[in-house]
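I'd like to ask you about the structure that follows.
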Amino acid sequence: MIAIAAGVTLIAIAAALVLNAFQGNVVFFFSPTQVAAKEAPLDRTFRVGGMVEKGSVKRRADGLTVDFIVTDTAKSIPVVYSGLLPDLFKEGKGVVAQGKLGPDGAFVASEVLAKHDENYMPPEAAHALSKAQADKAAKSVVSPGAAR
Amino acid sequence: MLQPFFLIVRRELRLALHRKGDALNVLVFFVVVASLFPLGVGPEPNQLRAMAAGVAWIGALLAAVLSLPRLFAADLADGTLEQMLVSPQPLMLVVLAKIAAHWLLTGLPLALAAPLIGLQYGLPVDALVILLASLLIGTPVLSFLGAAGAALTLGVRGGGALLGLLVLPLFVPVLVFGAGAVTATLAGINSSAHLSLLGAFLAVSSLIGPWAACAALRVALD
Amino acid sequence: MLQPFFLIVRRELRLALHRKGDALNVLVFFVVVASLFPLGVGPEPNQLRAMAAGVAWIGALLAAVLSLPRLFAADLADGTLEQMLVSPQPLMLVVLAKIAAHWLLTGLPLALAAPLIGLQYGLPVDALVILLASLLIGTPVLSFLGAAGAALTLGVRGGGALLGLLVLPLFVPVLVFGAGAVTATLAGINSSAHLSLLGAFLAVSSLIGPWAACAALRVALD
Amino acid sequence: MTLLADALSCERGGLRLFDGLGFTLQAGTLLRVRGANGSGKSTLLRTLAGLTQPAAGTVLWRGKPRDDEFRGQMLFIGHAPAIKDDLTALENLEFSARLSRLTDFRFERALEQFGIGRLAHLPARHLSQGQRRRAALARLALSPGVALWLLDEPFAALDEHAIAGVSALCAAHLAAGGLLVLTSHQDVPIAAPDARLIDLGS
Amino acid sequence: MTLLADALSCERGGLRLFDGLGFTLQAGTLLRVRGANGSGKSTLLRTLAGLTQPAAGTVLWRGKPRDDEFRGQMLFIGHAPAIKDDLTALENLEFSARLSRLTDFRFERALEQFGIGRLAHLPARHLSQGQRRRAALARLALSPGVALWLLDEPFAALDEHAIAGVSALCAAHLAAGGLLVLTSHQDVPIAAPDARLIDLGS
Amino acid sequence: MTSDLLRFAAPQAFFPVAGKLIPWFSILAGALALAGLYVAFVVAPTDATQGESYRIIFIHVPAAWMSMFIYLVMAGWAALGLAMNTRLSGMMASALAPTGAMFTFLALWTGALWGKPTWGTYWVWDARLTSELVLLFLYLGFISLKEAISDPARADRAGAILALVGVVNIPIIYFSVQWWNTLHQGASVSLTRAPSMAATMLLGMLLMALAAWMYSIAVALARLRRIIVERERDAQWVRMQRAAT
């Protein structure tokens, strides 16, 4: 009896603590919004995750160094990286960069990883989907009420 | 109810004082080495600061893993374990007492010594506090899970290496989050998430560890 | 003459394989911890490079210090040591064999594993070679002196802590010059001075250690 | 106060040691187990104590399966003396008595009764073989209230005088209505209201 | 081939155990040492073996102080069996025989002679108390060429059959001109050309 | 009903049953694997973002699923063995462990291989990857522990305790992608919402998963028969069986 009570209590405590842990950050992973809010550490390596902003990827003259912007739609942060990019690194796709904040507020990455989402579909479907989205966007410009 | 608990704890402590005290050994060693480490590595303040938590936590892991093979082995060899099983005390109480003694001899001294090392390594006060807290919450996890591993590999050929295989993977998350708490504090991030996770580990391991240890001891003495 | 030497060495190795292999444990543990260290400390390449030698040498010291209390203790407890003393083999040979086995089980594997860890930590090749060399010359010193300490504290109350007190001060110079050799190489300085000193330690300790151990064993069994 | 074993079988390493063993012991019964080395005497005693699971059969104490209460009414002393080299004879005795929840705390008297009162404060590592065995057995002097004694080779390493002392203690225990199961290679006469013998053969 | 002890005295922890002990043993002599627990039997044996230094007196082997050569002609088996739990009975026997520079390598036969041939490849931890003792004593079967046997309680933990076996081995050793010193609490008859007794009292 | 169950829980009763089942499951596994591979490499379209390299999914995901599922089944048998003291349970757990370890290794290996082109690295220490690695260690620990104890009954019980302790790890593997910010993607297939994956891709994956399942059953049963024969080699019925064949 005592054993069961103790067991249940301990499990409850564990669950509460785990839930509490999700409020915080245990893996040094920050969104651009958090970086903008100065939540990220200054002199320590951490990770930034988000989308590569459309049209932001620029290669410098040396051919190795790339500049791009990572965004979580609310805020964005410029990233500098020199090195090989993964195949899946694309504008509009998920990315995780590891590095430090430079003095100018840009993020100097030592490693850039692509994050794949859970969607798998053939190219035609992807094409159709993006077309549909574009159409929808176009329509919503014409009649904002219709989209709702 | 608690009287036999303290009886066993007291005896373990007394034995550790008399015996070729491996536990004490680890502590002495750890303090000496941690103090000497800057000599070997070179005293760059920033670098030392970043390492402090890692050094302390690795010391804790070491103390735990290396003392574990002998947690029950001596008592098995000289018949004390047998006597504990046939005594009217609930086995769970005996196991809890052994775990408590193990922690008092390895985890606690290390946790208490760690702030000293942190000071030497130039940790700021808030990080020192978190280091102490993380060790105080985290080291019992090592004792709880370790006791289960020690009991499972008792009297088994090649038990020591097997014990390492069993418990080290489970210890790694504790090390990571423990050291992470300090690093987060150094980086100016709130470390309560790390500590909560350690707390959750503690709650779960305090449930599983003693249960598994009891069951395994019965098997080992069969 | 050499046949009993190998007899004892072989048996020690076989026992280490079967027994709760503390020796193996230290090694496995060392490799795992050294691999995890970057997790705890953070993966800054420069920092890691500077630490590599220190981590390897501390591992070696640990392996030595922690295995020493049991170097003769098990044989004393079960009567094997007695048998060795009454056997027609010269005691010096027995002691040398025990020391050799101790080194084969703690010093050598660590020396061989160290370059791997050095690689992980980004040491350049010349520093790796020096690391290996310093460990190969230095770890036997630990076994020689350690055996004397272990024999002196055999069967003594509080032997373990005493042993630490006896041998650590002697081990520290070895650590300092061993790690120093690698740091020197990293800094572009010729490390042969460090290595020569280690060699001198080795020569002296190989003379004193076994002699003291023999004398102490006779006293312990009286 | 009965100990009943029914159709007990024990195995070790896949080998059957004994089969279909059954007996009932009442207050005052002495059961001596004998047999060759390795015939399973110690295994039988450990099975009765609840340390080892039998391959088949049951053991009942007062008609019920053995529980926590049973262990409070039982004393088991096996081959291993459960003596720590680093503790004194007195410390060793005190620990084992408290662990077993004995209520008689006249430790020094017990040691004296076993002829090692003078050595009570000597670390056990300095005791001779027989003195060490005496230190382990000294618990018997504190356990008259414990109903069931299970003794594995209690007379090994003891000198004649000590053997006489232990067998007198056993006889007193039996006379007071206790139960005793012991293994022994030696024939030691113990006065018992009811003496049985089991031979496990070779 | 004589062992001579002259005016031997031994102390332990500042206490004199025995005093002025003297004897001469010749080929075929059996010396049995008896006495209460703690009277110094083991200490005497260890002194003869050269493990312990006497407080006073001398021991001579073939008229000379004992040297390396002496240890090649002596076999000592003490209370501790020198058996490693993790090694098999065979491995244990092989090690001790080679350590003692015995020349007879029929290990399996020796184990069989001691009734544990079947268990030769079992780790010693699984042996019963008596089987473990047998494994330690199996060296006797390989040591007929060794002149002086010093046996401390060789019969402890053995069953009747094994005791008979060991005493037959001892008798054969004596008949072949060997010397034997043994301690024992039990009276075990051993045929000897010349049997002596020392009682160390209590 | 229960007596029936207990009868089948006896090794000698289960031995012939297992023997009859093995061919069927083997055939099923083969057929499903063929169908799955056909769908995976011929029918299923390329992926819009990953191109052809995504096809590792057809091995990776079934292997990852099986690695967790087999552990749960193994722990279930272990618990039953501890509670009911049935001999068959421990043998069942032993029979499953190597297959589970194999699938865990496969999931780790294919995942790492897949990680290089997609993420840009073979390995990161994120929660999903680390906990899966811990799973592999648990399997290996279970196998070595059982191997190290010579007495089968003791080995079964010790192994069961370890297996039960390790169960905690399974929910951590499964939910890690929701609980933490992992580099590993979230679930594409879930019970609560429609799969975010083209139908033919999903079909290929499910066929392969079914094939892995059937394979596991077939292999585990075969291994079980071997274990039964080995452990009961002195029993009357095994000797008769051997004489008969």
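The letters A, B, C, D, E and F name the chains in turn, as written, and every chain counts its residues from 1.
In this text, a contact is a pair of C-beta atoms (placed from the backbone, for glycine too) under 8 Å apart; a residue touches a chain by one contact, two chains touch by 3 or more.
All values derive from a computational prediction rather than experimental measurement.
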item	value
Pieces of the assembly after leaving out chain C, positions unchanged	one piece
Self-contact between copies chain D and chain E, residue sets same or different by half	same
Farthest chain (mean CA position) relative to chain E	A
Chain pair whose interface holds the most contacting C-beta pairs	B-C
Most widely separated chain from chain D, with each centre as the mean of CA atoms	A
Distance between chain centroids, defined by C-alpha means - chain D, chain E (Å)	29
Geometric centre distance via CA averages, chain D-chain A, whole Å	70
CA centroid of chain E to CA centroid of chain F, Å	58
Chain centre separation (chain B, chain F; CA means) in Å	33
Interface hub residues of chain F, defined as touching at least two other chains	125, 150
Where chain E touches two or more other chains at once, by residue number	79, 86, 123
Interface hub residues of chain B, defined as touching at least two other chains	18-19, 153, 157-159, 165, 172, 176, 180, 183, 204, 222
In the complex, chain C residues that touch chain E	4, 7-8, 11, 14-15, 18-19, 77-80, 82-90, 221-222
Contacting residues of chain E [partner chain C, same complex]	49-53, 68-69, 71-72, 74, 76, 78-84, 86-87, 91, 95-96, 98-101, 123
Residue numbers on chain E that touch chain D, as the complex places them	12-13, 35-38, 42, 79, 115-116, 119, 122, 126-131, 133-134, 153, 156-162, 185-186, 202
Residue numbers on chain B that touch chain F, as the complex places them	148, 152-153, 156-159, 162, 165-166, 169-170, 172-173, 176, 204, 208, 212, 215-216, 219-220, 222
Chain B partner contacts - residues on chain F that touch it in the complex	82, 125, 130, 133-134, 137-138, 140-141, 144-145, 148-150, 153-154, 157-158, 161-162, 164-165, 168
